[in-house]
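Two complexes come next, and they have one chain in common, chain A, joined by chain B in the first and chain C in the second.
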Partner chain A sequence: MRVAERTKNDGGKLAPDVAGLYVPTTTGSRGRKRRGVNREGLEAGRRSTRTLLWILLAAAMVLYGFPFLYLLFTSFKTPIDAIAVPPTILPKEWTLENYTNGLGRNGVLASFINSIQTAVISTVLSLLLAVPAAYGITRYKTLSGRIFIMAALVTRMVPPVAIGIPLASMMASVGLSDTPIALSVAHTTISLPLSIWLMSSFFEAVPKDLEEAATVDGCSRLGALWRVVIPVVSGGVAVTAIFAFLASWNEFLFALLMTAIRSQTTPVVIANFQTQFGLDWGSMTALATVYSIPVILLTLLLQRKIVAGMTLGAVKG
Partner chain B sequence: MSTRKTINRFATIGGICTAVALVATGCGAGGPTSTGSAGTSTINVLVEGGGRAELTGVAEQCKKDTGVEANFVELPYDGMFNRLSSEFSSGNVSFDVAALDSVWLPSFKDALQPIDEIFTDEAKQDIFPALVKEANVDGHFIGLPAWTNAEIILYRKDLFEDAKNKADFQAQYGYELAAPTTWQQYQDISEFFTRDGMYGTDVKGAVETEWLAHVLQAGSPMILDENNKVVIDNAAHKEALDFYVGLTKSAPSGAAQVDWNAAQNLFNQGQTAMTRFWAHAYRQIPTDSPVAGKVGTAPMIAGSAGVAGVPGPWYLTVPKATKNTEAAKKFVQCAYDHNSMGIESSLGLASRISAFEKYQDKEGYESFGPLIETLNGKATATRPATEKWQQIVDTVLVPMLQKAVAGGDSATLLADAKKQIEDLLK
Partner chain C sequence: MRISDRRFALFLMTPAALFLAVFVAFPLFRLVADSFFKISPIAGGPRDFVGLDNYFRAFASDAFIGAGWRTLAYTLIVVTLEFALGLGMALLFTTLGRSSQIWRTVFMYPLMIAPIVAGLLWKFLMIDNFGLIGTLLHQAGILSNPNQIGWLSDPNIVLYSVAIPDIWLTTSFMCLVLFAGLQNIPGDLIEAARLDGARAPAMLFRIILPLLRPVIAVALVVRGIDAARAFDTILIQTNGGPQSASETMSLLIYRTMIRFGDPGLASAMGTLYLLAMLAVAFVAVSTIWRPGKDN
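Up next is the complex of A and B:
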């Protein structure tokens, strides 16, 4: 109900506006004037709120986007321009030389393939383990389940370097040294706890009635999970998948400790542009730009699913 | 139903991708097996990012000469120490030869094989004395210097040769403007060029090596004496620190944050007239730099103890845990034999005196004469052989320098540093 209608019906009593604020109401011509003033005032208020929100949004966008834009522009700068003091945002002279140098470096293509292999395997492993684990925790609600999920959270608090070195030794002792599968398993240790937590929150939002209905129709519990629950939380699965993928795609420390020739991933190759004898900013930023393209595309591709997943559970109850 | 179809589609695609990835995992995309097999002629060589270029030509030659093929494992400098620690401690190494920074030799000495047979009398004559000393740990040579470096003076030849500058300098200081040969001249020239938005020199507060060179020039061993006693609070260290900090008035502000990259950038951008920098930088000035073709070189300046620099060599080492010792040692010997090939690489360095001498008179290698002179300097010495060195640098020396260039009292800072280093060495 609009404020004007309310004031008319309430006969001059206090009426709530859309924001829940109470404004005094009057009757007669004087009241009509006041109503007009109120409406204009409210719209002006709304406009200023909207403007403020847009400004904040733009500021947030700049905050998030500027480093990437700077990276992008630097990748088109000449060597001396890239290290200018003070730095410039836009290149004085645009060049593709950094891309030629960066992509032409030995092992870059192989590192891209390794990154894709590792991230895909790690994502699949994370989902395969996180989905049943999260489902079990949310549906059975046992004490051991609660302890398990807390323990999963605690593993996130251990510094990766503390487990990286023993993990590298373990992988070497089972003959998996310098393989994408070893690195994928290592990356799964990072993404799995987060995946379990995310999936648990998505499963919580699914009413039990759905499964019960499926069970009545003859589904087993696993059948109900596969045929009914997972399609409902598909947005959540997409969100979890992208987080797991990103965790592996951008990971550096385990890749540094566990890879050599066969399975070196691109983050290590990018870091190799900084040496004891200088820093090749141009090539480094060019390769970093190319390396970010797949994740940007993936995010855009799954955008709808991600938004749906993010809002899953928001209307619960 | 469409959601279910989507899920099924994703599951199918994911399954296929996983299967493909898992099959591909068997060989990996980067190349052949990473651990050298016993008795094969293929070895893995672990290098820091910059080292690959230096050794690539050598490796090609070694393949022709000895049949030993080298695959390079390239890692960033910052992570290499962790990787080496991890592999050496596990006893399972993924490389047969490793190029190690000189400061790491004491830390990994127990995991490396002696290579005494390569250090013949002839070889010892052709390697700079400080490097021969450093390579010898507990009576055995454990690393062969693959390339080495030292700080020299780079200066703006165009500014030094400018007639107006020459006349003004002569009028102001009473002697001719030329490449400095004393530290007083270095101070004067720095002061002279600090004008119109330009600076005479830089002061690097975020790295320790340059200050340590001043300590050697002042006649003291660096930080520890021969008995491993901490001597950082002696008169030579204080004199060196006071001189170092004194240059800040002729240097860009924010010296505490200036490291090698920043100093190199400032010089290449034409913002400093002189810099004390590693010799390789001379050949790495970008062609589009405003100073390209306008840079002169001079040896590091002598102090009361003579010319001194801190060498920055990298050593080729053979881990005890390799299964391919014979091929690894063949490669190291071959790398020594063809050491001069590194000079043709983008890094452009070598370790043998004869290799530098062969190039020093050629155009484009003007930095080699000063580099040879600095490395042969009377007081030139390598860093103390303690496995705690990196820790001392990171936790004591660099923070102390940063406080000093920001205005801290040198005597107090050195006394505090002494206590901290003694605690670390306990």
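Up next is the complex of A and C:
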């Protein structure tokens, strides 16, 4: 597959910035001559065409960005304004009332702590299991490795609703029901296959000579992995960590099935607002905003790495 | 003593394999086992072996058959629209080239939003009375009254409405993947086609899409599987209603298990659902993905 081929070529030289591999550089646009002459690839050349395309992009961006802006604006309305008929886009009066109401509610702050705890434990667990497994699969190319990666992929198809209940009763039987540990294990069933998949792609890009040289120098295979290979793919490990974290942070179904009061994560609390407190839309929008902002900022900060993971996850051969 | 490479590889894979065996394979085994029993929802209640009875009940129930069709329809709606929009955006970003890079980043933001938040947000936009979409369409003169379209309350259209957050969340993913694919189309190929006088539609259908085929196939399969499992967005928007018109398979299984307290029947439904997904997975893996082999 094309993109995969690209990794191999680009990654042939031990690129430590593995994430950079996938950030698509528009071929030839750097040295592109001005409009009309020597347009390369698919890039549009004529000024009128480009203007039209920019207008189209602007329209798409407004439509696409608007829903979240509306959520943001609503969270600053007064609780009554939030459900006024007819609704207005901007608040008539800017206030933090929804934030103090929403965050002050019993159990809300605790749910944020639970969300962070669960996501961190799940990320660490995913990496601890996925990094050696992916290395074993890609470096030694054994039959068992091939079977294993297939099996890991098949687990991706398993609907969480099918294993949620048995998993919950298993956890209960070992006394772990309603704990962040139990939930993070459940979340790891989602992120582990993805992590193995991503890490395998990153390990593929590391030349074999690297750890062969290390073992000749007297390093054990485990030592070579730890001291030589992992530092080279540290960018890939970071990408994998982000995805594992996000998978847990945003997960809802397992959280709904496996937590009661002590370990409830924020998505469950947000969903509960609907029934528990009638229709408190104002507080819900405030809570949803607070929960989303950190991960949106994370995207903007780490966008190169995230693009790398996204494309790698799907476009690998 | 040095163990063989094969043993060493196995040693590296064992922890992850054990984890998946205990926390995925074993619960699945329990699910399949439960599907042959009539189980009382009360913990420690009676458990009677009933053979294939739960399966017969599943196939005899309109709810199950209906949910099956709705899941299929929902998946097709989501994946088709997402693909069309994602391809459009990817082409737009490609034709604008490097200068649009910052907007490509901004376009990615919904990917990070929790599905539950997205569902809530769109419910808020489409809800009767104080939903913004109806109001804006009314003010623009398209609707005679803001509640003319019951986005989430009209059983005939609700399946489309509940799909919107899902489409909004993951069109970015399609766009990203297709964009990466587009960057790998050699420029001279496009140039040659252009010199031959190929117009935009011919360029798209004869050159770009065929070249993107492998990327498109993987993206569609990945998203199709996710869409077929959709739960969060639908639960928070409609809880499957009105009149079960948006009840997809995940929701039906969840409700059968939790609300109607029939774990045996729910397990049978879950097993059938899983088999359907595995059939798709098998076809997909064997035709498109060939993990572990060189390309």
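Basically, the second predicted complex is superposed on the first by the 216 of 317 C-alpha atoms of A that agree within 3 Å, B and C clash if a C-alpha of one lies under 4 Å from a C-alpha of the other, contacts with A are read in each partner's own complex, and residues count from 1 in each chain.
Please note the rule applied: a contact is a pair of C-beta atoms (placed from the backbone, for glycine too) under 8 Å apart; a residue touches a chain by one contact, two chains touch by 3 or more.
Predicted, not measured: the structure shown is a model, and the values here were computed from it.
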*Figure out whether A:M157 sits in contact with chain B (first) or chain C (second), or with both, or with neither.*
second
*Quick one: classify A:S177 as touching chain B (first), chain C (second), both or neither.*
first
*Would you sort A:I165 into first (chain B), second (chain C), both or neither based on which partner it touches?*
both
*asked:* In the overlaid three-chain picture, which partner chain does A:I113 touch, first (chain B) or second (chain C), both, or neither?
replied: first
*asked:* A:I306 in the overlay: touching chain B, chain C, both, or neither? Say first, second, both or neither.
replied: second
*On the superposed three-chain arrangement, identify whether chain B or chain C touches more chain A residues.*
C
*asked:* Quick one: is A:T142 in contact with chain B, with chain C, with both, or with neither? Answer first, second, both or neither.
replied: second
*Look at A:T285 in the shared chain and tell me whether it touches chain B only, chain C only, both, or neither; answer first, second, both or neither.*
second
*Just chain B (first), just chain C (second), both, or neither: which does A:P79 touch?*
first
*Classify the contacts of A:Y70 with the two partner chains as first (chain B alone), second (chain C alone), both, or neither.*
second
*Residues on chain A in contact with chain B in one complex and with chain C in the other?*
83-85, 161, 165, 169, 253, 271, 274
*Residues of chain A that touch chain B when the two form their complex*: 78-81, 83-85, 106-107, 109-111, 113-114, 116-117, 120-121, 123-124, 127, 161, 164-165, 168-169, 172-173, 177-181, 227, 230-232, 234, 237, 253, 256-257, 260-264, 268-269, 271-279
_Which residues of chain A touch chain C once you look at their complex with the stated criterion?_
1-6, 22, 24-30, 32, 40-44, 49-50, 53-54, 56-57, 60-61, 64-65, 67-68, 70-71, 74, 83-87, 89, 128-130, 132-133, 135-137, 139-142, 144-146, 148-163, 165-167, 169-170, 185-186, 188-189, 192-193, 196-197, 200, 221, 246, 249-250, 252-253, 267, 270-271, 274, 281, 284-285, 288, 291-292, 295-296, 298-300, 303, 306-307, 310-311, 313-317
_For a test of understanding, state which residues of chain C touch chain A in their complex under the given definition._
5-6, 8-13, 15-17, 19-20, 23-24, 26-28, 30-31, 34, 89, 91-98, 100, 103, 105-117, 120-122, 124-125, 129-132, 135, 138-139, 146, 168, 171, 173, 176-177, 179-187, 190-191, 208, 214-215, 218-219, 222, 225, 228-229, 231-232, 235-236, 249-250, 253-254, 257, 263, 266, 270-271, 273-274, 277-278, 280-281, 285, 289-293, 295
*Spell out the residues on chain B that touch chain A in their complex, using ranges where they run on.*
3-4, 6-7, 14, 17-18, 21-22, 24-25, 27-35, 44, 46, 48-52, 71-79, 82-83, 85-87, 89-90, 92, 94-95, 101, 149, 261, 264-266, 268-269, 271, 278, 280-281, 284, 286, 288-290, 312, 347
